[in-house]
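You will see chain A twice below: alongside chain B first, and alongside chain C after that.
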Partner chain A sequence: MVKKPKVASWYDPIIKAHGTPRPLLRNCLVAFIFGGALCAVAEYFQLLISLIPGISDKDASSIVMVIVIALAALLTGLGVFDKIAQQVGAGLAVPITGFANSITSSTLEFKSEGYVLGSGCNGFKLAGAVIFFGIGSAVVVALIELILGIV
Partner chain B sequence: MMNGNIVRQGQSWIFTVPPTLIAAAAIGGPKEGKGPLGADFDYLFADNRDGQESFEQMEQKMLQIVCEMAIAKAGCVVDDMDFFLCGDLLNQITSSGFTARALSRPYFGLFAACATAIEGVILGSLLIASGAANKIMCAAGSHTCTAERQFRYPNEYGCQKPPQSQYTTTAAGAAVIGSEEGTIKITAVTTGRVVDLGVTDSFNMGGAMAPAFADTITAHLLQRGVSADYYDLILSGDLGRVGRDIALDLLYRRGIVLNEHRYVDCGCLIYGDDKSVFAGGSGCGCVASVSFGHIYRRLMSGELNRVLIAATGALLSPTSSQQKQSIPGISHAVALERI
Partner chain C sequence: MIGEWWIDILKAFLVGGCFCLIGQLLFDVAKLTPAHTMSILVTAGSILGGFGVYTKLADWAGAGATLPIISFGNMLVIGALEGARNNGFWGIWTGILGGVSAGIAASVFFAFVVALIFKPKT
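Showing the complex of A and B:
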């Protein structure tokens, strides 16, 4: 890893004085409200689906997830997702919608290089990191559980 | 060393026999057409792809069309061009190489990021003044969808951009310069030095490039021996709103006061107050289309007499950025005057 260079000490205050800071408070609030509402609606549908005879709670959760992923992918393809994401930020990125969008957008983007070498190779370009660290941390957690179980 | 057509002062070259900007043309995409400079484009595409199979092909098509338009406006044919100097933002500047393939003229591929068009004009005018050529075609272009995916994320990826980020222009500009007589003369050029003050935030290009702009403006005014008031208009290339403010501040600290109304930035001009582009436009096509469209027309009509265009480029790559290298900036300046 390369050490990050520092902005020249005399220039740092100038660049900070003129830059517009990210509206952090606004972004956090909007993300909290939008993300929370999105999850609440999904939760409500999960409850409704679980009322259908023969569908377990676990199945209902999977079905809702599939619906949310499909909707995020559809909105990405229609070119709407990135515009909403600019407004609500983490409100769309943290739920599974962000994961779906990262795969759909990469797959669409690299279609021009072909289905195999383009979409196939690049589809997980952004989502790959989530899977990499997801599996990595799952292994660590599983190991801890195993050790604690033995003790 | 000099042949009598040029006087060299430091990093500036002042022409005693100035080359002529014979003709220029600019084309853009739909978003650029809706901006305040919409009427100054020679042609506007209604669609960002216009039936092409990829955005990269569209970028190349734009470059080729704008070159053909500039040649036609100059009353020349392609074979009259002794050199073709062109650049773009894509890896290995393929859009330019492919355009050079179509034009089939002696070609130099250039890269100075958003300052490429002006780098072309500088090299072209030096080639003309040296007597090596009679007519030269300079061009540059960019496309928002090709740059976005190369430098940032896939186009449809939902990432929240900060207020100082800039939007790559879908546009191209081309100019024919030559030794013959004409209205607009290239009177002086200043080649920029690379300036890097350690900015690593690739979303703050304005902040990374503003010191290079201040460096080139200072050198130009000093070496040409004129004050900023000599020019009716000083134009910076894609510093955006944030970078423009920093540039004004930096120059003020050096004792150079630019008149707020006579200093504009191409990135701020091209989209006006459009909030969806954040701090403004950027990309090779921004300076190229504003200079060779809007500014060229205002010079031709006599509305402006002396203009200094100092285009700025950020010489970073996605790899250098991910490896946490700072962003080197460069600024090339050219003085266009009615004589």
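Showing the complex of A and C:
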């Protein structure tokens, strides 16, 4: 997304020759394995929790989600989340951990400006985009289906 | 117990991994910011939810489909459609947040608790 100024283009070949290339294959592999493993562990606990009498599959899914969110928030507070996220990229950003981390990190980061003006007003910095486009698109989809009568 | 479950766990691994792979490609190849990537994935989830595809995937892959942020869009659509089925037009507005309630409530609550306890790392 960053635009390079035209003036600086003379050093592009030098960067190409000496800079380390972005390891795309490694990043993709790590994201796939870590993200997959996270979902696999979540699935295991989901199956385990659904064995408890009175808890449906849907409840088990929500319980696991809340636990994963709590862990992501805790790891963000401890400063561990960012270190892992630097290594695994989308492996932590695409699951709900990324959503939880974005709220926790901006809530924590803006704490110095006060709980209301800092944390409260800035907490949804990245999560706001998710909720904005999520609700926006969901309303449009639901309206279309209602108008077409396929609800 | 893992003996009977390994196939479900493997499915979750494969589907969850594939979604993360797509996210990584959007980061690295399309050079999108995290906010753009998340917005695209959530919108994709809404559209897939509208076609009823995502629920089938979630039945198949379990946490592999419900944990990635794409399922957020799907759950919003499911809530909106369920509301529409019960209460018509106004049901869309009252039902839309039903499915994502746990995710948002937990994220906000734990974020606040963490902000109370920890100091930001510089």
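As a convention for this text, the second predicted complex is superposed on the first by the 128 of 151 C-alpha atoms of A that agree within 3 Å, B and C clash if a C-alpha of one lies under 4 Å from a C-alpha of the other, contacts with A are read in each partner's own complex, and residues count from 1 in each chain.
Convention: a residue touches a chain if its C-beta (ideal position, glycine included) is under 8 Å from a C-beta of that chain, and two chains touch if they have at least 3 such contacts.
Predicted, not measured: the structure shown is a model, and the values here were computed from it.
Trainee: Going by the contact rule set out at the top, does A:Gly89 touch chain B (first), chain C (second), both, or neither?
Mentor: So A:Gly89 meets both chain B and chain C here.
Trainee: Using the superposition on chain A described above, determine whether A:Leu126 touches chain B (first), chain C (second), both, or neither.
Mentor: both
Trainee: May I ask you to decide whether A:Phe34 touches chain B, chain C, both, or neither, giving the answer as first, second, both or neither?
Mentor: Touch partner of A:Phe34: chain C, not chain B.
Trainee: With both structures fitted on chain A, tell me whether chain B or chain C touches more of chain A's residues.
Mentor: C
Trainee: Tell me which partner A:Val66 touches in the superposition: chain B (first), chain C (second), both or neither.
Mentor: A:Val66: touches chain C, not chain B.
Trainee: For A:Phe81, decide between first (touching chain B), second (touching chain C), both and neither.
Mentor: Touch partner of A:Phe81: chain B, not chain C.
Trainee: On the A-aligned overlay, A:Glu109 touches which partner chain: chain B = first, chain C = second, or both, or neither?
Mentor: In the superposed model, A:Glu109 contacts both chain B and chain C.
Trainee: Taking the stated contact definition, name every residue in chain A that is touched by chain B in one complex and by chain C in the other, in rising order.
Mentor: Comparing the two interfaces on chain A, one with chain B and one with chain C, the shared residues are 1, 22, 27, 76-77, 79, 82, 89-90, 93, 98, 102, 104, 108-109, 112, 126.
Trainee: Within their complex, state which residues of chain A touch chain B.
Mentor: Contacts found on chain A: 1-8, 11, 14-15, 17-23, 27, 76-77, 79, 81-82, 84-86, 89-90, 92-93, 98, 101-102, 104-106, 108-110, 112, 125-126.
Trainee: Write out the stretch or stretches of chain B touching chain A in their complex.
Mentor: That would be residues 53-56, 149, 153-164, 197-200, 204, 207, 211, 242, 245-246, 249-250, 279, 323-326 of chain B.
Trainee: In the complex, go through chain C and note every residue touching chain A.
Mentor: Within the complex, chain C touches chain A at residues 1-2, 5, 8-29, 31-39, 41-43, 45-47, 49-50, 61-64, 66-70, 72-73, 76-77, 79-81, 83-85, 88-89, 92-93, 96-97, 100, 102-104, 106-108, 110-115, 117-121.
Trainee: Can you list the residues on chain A that touch chain C in the complex?
Mentor: Interface residues on chain A, with respect to chain C: 1, 22, 24, 27-28, 31-40, 42-44, 46-48, 61-62, 64-66, 68-70, 73-74, 76-79, 82, 89-91, 93-96, 98-100, 102-104, 107-109, 111-112, 115, 119, 123, 126-127, 129-135, 137-146, 151.
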